[in-house]
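I've put the structures underneath this note.
Same chain, two partners: chain A is paired with chain B first, then with chain C.
This part shows the complex of A and B:
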């Protein structure tokens, strides 16, 4: 296991290096420079700026400077506002985005699995159709439409909730609506997966055996059926996390949340390369870590899976 | 006794031709799938909605001669009238014409990027699965690395790189979109290439290209088609998200994403009406492609055959 872990971590570092390099190359290939604003800067100022950000050095030097920054986790100043450090941006934005993402994931997992189980137990009955309709609405409505709709209903019309910046449990109620808006798509995905995977499991012999033993319905579902049906959901979690990241760009914008997604979109609008690369690295890092955690968690969920052997084949 | 037996028993009329007769009409894979998907009500509803939207996208801008880009300053944010069938937006532009032109653009983006995913994904997945070994490792790792950058991030970076527009959006979506397709094709090819008929083809001296195109890919067509059906709505969704983030098709060109996100901004000042049509069409498109994809998956799965 330790050997496998080492191998995976080394591979993750390698992947991260490639990601950083690709992003760097792409950013350098973009025509123009980040200081091209509405009014042209005097040549002397431009030269000074270029020197400050070390953009006047040869590309290869810039690349190594950049790698060094990534390794030391010091992304330097933003190219747009010299007073703001990118690290400060990330330190402020990341916890907010993480909280939003985790809350949404929790909502999506709990409600999605619940909905999927209800649908599979009432196969082709009212409960099934209801769950299917909710799942289809979840995949059909763009998140910004969903977000705006939630604002119209709960904030404008019923005035029960509000939204805005939140931090931990401070102003926690502000995070309810964005979490729901962000959870809609993964919830639908999870509900659909759970339903089809539960339907496959629930008709198998060992479930009949469990019933014959006289186990309670809840025990059968939780201990026997769900544990076997959950594997496809675990493997889909990687994609679901990616969706959460993408969704967070939109949801943070709609609800005015000062998270990392919002910072990223602003940096895209202002072509702040340093910030774009930094966000890409942070997002990729999160995704790579999550993939690793998911792969390891397989062994705990299904002891039959042998990662060390599996690693050789795949 | 013998006499009795002759009366009681009649010799069976054995006709060798009749024994070989196939009673059930023979069905090809696709005919069988079509029969099964016809029974799936939800998928059929999806197909009907899709046909209607497609039809309207084609004839919509033809039957109404209003311009999609002309701003009518004396008809701003109007409700439907005889002149403007679906009303006008905040710039005084005709929503009906914009809606169907926008549907054209969104469908174009969705379908073309799905086709690009198909070509690239099938090619890479097919080669990786068939060749195996180092080639497989390199191609799949490359896809994996591409995929560990969040998909939308790559697309956004590409959009900055290429500048806004329909073509650059399609290119950006294709850069990462082929990865899931290639994984599916690789998995199928790995399964099929061990089967006897491929060995037979090989022993006849068929080359790699022939085996891939004539034997492996056609047999993996089911999962491929399902994935294409599910890629189209994903591309349309991505278009909408990019438009919302300000990286969409440049004005005055409409697309469903541009119209919906414009309308969402307009809601802030209290105009709910603009949102109705583009949001409805986008939701219906998503709905029909998704149920159609699900229906196809069930119909093409031989395990579910009754």
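This part shows the complex of A and C:
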């Protein structure tokens, strides 16, 4: 296992390098620069800025500068505002986005699996249709509509909840609505996956065996069916989790949350090269780590999966 | 002989988009204590449905119980509440299936799968159940059971998986074991081992067995009595000798002619049964074998043959549902000859 982990970490570093390189090429290929505003800057000012950020150097030098920044994990100041140190920015924003994302993930996972199981057990009956409707609503209603709707219902009309900045459990109730708004889409995805996967599993012979043993329906579903049905959901969790914990531009905007979501979108828009590279690294790093965790968790869920690769008996 | 299971006029159909399929159309048979009953017939004749119906593990819908009863000693299984039936499954009646790989849960250790019925029906604690599971694995001839108990199904070979299935089924020493084509997916040497094992365990535990198969070889080796099914009905029943040496239904005769045997002369050609079984969406009015029968007569087309006694030197309780055996037909035939 240790050998496998080492191998995976080496692969991860390699992957990260590829991602940074491709991002760099694409970033430089896009016309414009960080300082192009509505009002053109005087040439002398522009030259100075370019020199300050080392953008006047040959591309290959710039590339190595970026690589150095990634390796040292020191992304320097934002190109848009000198006062913003990117490392501090991420250190402040990431925990907020992560908390929000993990809460949303919890909601999506618990309710999604529950909904999917209910749907599969009531195949082509009311429960199934109800779950399908919820799933379709979750997929098709955009988060800005969902967010606003939640605000109107719970904040404006019933006045039971509020929203705004929160830190950990300080003002925790502020994080409830954005978590729900964020959870809607992954909840629907998970529900649909669970439903189709469960439908496949409950028609398997070993479910018949379990019934023939005299097991209760609930025991059959929880012990025999769900464990076999959960694998496709776990696979999907990789991207779902990454998307959730790295923050959502829309949801963070609507609920006024100082997360990371905004940085991703705005940095591209404004050609903030330093910020683009930083957010790419954060995003890919999280994705790579989560993928590794998920790959390892497969072996616990399904004993037939063998990551290390070795002699199989039987 | 005391009857353990008595099935009377069992009718099962399946509701589908295309209409109602009458899979089992009034089936009556019984199993005595310590007896092996073979249910024989080709694919789709309703033999598996019959057995799953007795266990009440057919998914409803689409399955519909349309009548009849199945008594285990004094209890009509078909009228029990689901919760009462659940306690009978695995304790009084167990079942093993054709494909042992698919029938074992791939993500649960073999030992745990054997422990489950013990913990439900005998309220054993985990430790005691584990001991019993090891004992069962040993009993079904799996070597090194202490190690095997903690392995997963994919670490077992095909024959061992079926042995493990038998261990699960017999863990609570059921009165009746329903074996639904247990040897079909195995190669011949393993088949022989499994049959030998089942025969031994039957003697040891005094379990009655319903053996569902289309393999007449398996039937000959194991069964005391045989029920032949065709198109959702029983067309002949009797003890093994009566069925093999003195078949009284053209379908049984054809079935025996289509299987090779060791005493057969080398030039003898096997005779397949022409045609296909009838469509059970709209079963025929008369004899269901009419369309494929080489002895078909006018009377067979629109009149269903009654179950008739055809006692012989092998079995006084030999029954067949064919006009050839019917008194009415014999009278009619005499008339015709005259």
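As a convention for this text, the second predicted complex is superposed on the first by the 286 of 314 C-alpha atoms of A that agree within 3 Å, B and C clash if a C-alpha of one lies under 4 Å from a C-alpha of the other, contacts with A are read in each partner's own complex, and residues count from 1 in each chain.
The criterion applied here is as follows: a residue touches a chain if its C-beta (ideal position, glycine included) is under 8 Å from a C-beta of that chain, and two chains touch if they have at least 3 such contacts.
The structure displayed is predicted, hence computed values, not measured ones.
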Overlay on chain A: chain C relative to chain B, clash or fit: fit
Report for A:278: first if it touches chain B alone, second if chain C alone, otherwise both or neither. neither
Considering only touches as defined above, state whether A:242 meets chain B (first), chain C (second), both or neither. first
Once the structures are superposed on A, label A:214 by its partner contacts, choosing first (chain B), second (chain C), both or neither. second
Which one hits more chain A residues, chain B or chain C? B
Looking at the overlay, does A:107 come into contact with chain B only (first), chain C only (second), both, or neither? neither
Let me test your reading of the model: by the given contact rule, A:269 touches which partner, first (chain B), second (chain C), both or neither? first
Does the superposition put A:205 against chain B (first), chain C (second), both, or neither? second
With both complexes superposed on chain A, which partner does A:181 reach: first (chain B), second (chain C), both or neither? neither
Let me test your reading of the model: by the given contact rule, A:303 touches which partner, first (chain B), second (chain C), both or neither? second
Please state the minimum Cα-Cα separation between chain B and chain C in the superposed model, rounded to the nearest whole Å. 6
So which positions on chain A get touched by both chain B and chain C? none
Where on chain C does chain A make contact in their complex? 55, 57, 86-91, 94-95, 97, 99, 102-108, 116-117, 120-121, 151-152, 154-157, 165, 168-169
In the complex of these two chains, what residues of chain B are touching chain A? 144-145, 148-153, 156-158, 160-161, 233, 237, 240-241, 244-247, 257, 260-261, 264, 267, 272, 275, 279, 282-284, 286-287, 290-291
Across the complex, what residues on chain A touch chain B? 15, 18-19, 22-23, 26-27, 29-30, 136, 139-145, 148, 152, 242, 245-246, 249-250, 253-254, 264-265, 268-269, 271, 276, 279-280, 283-284, 287-288, 291
Note which residues of chain A are touching chain C in the complex, please. 204-206, 208-216, 223-224, 227-228, 301-304, 312-314
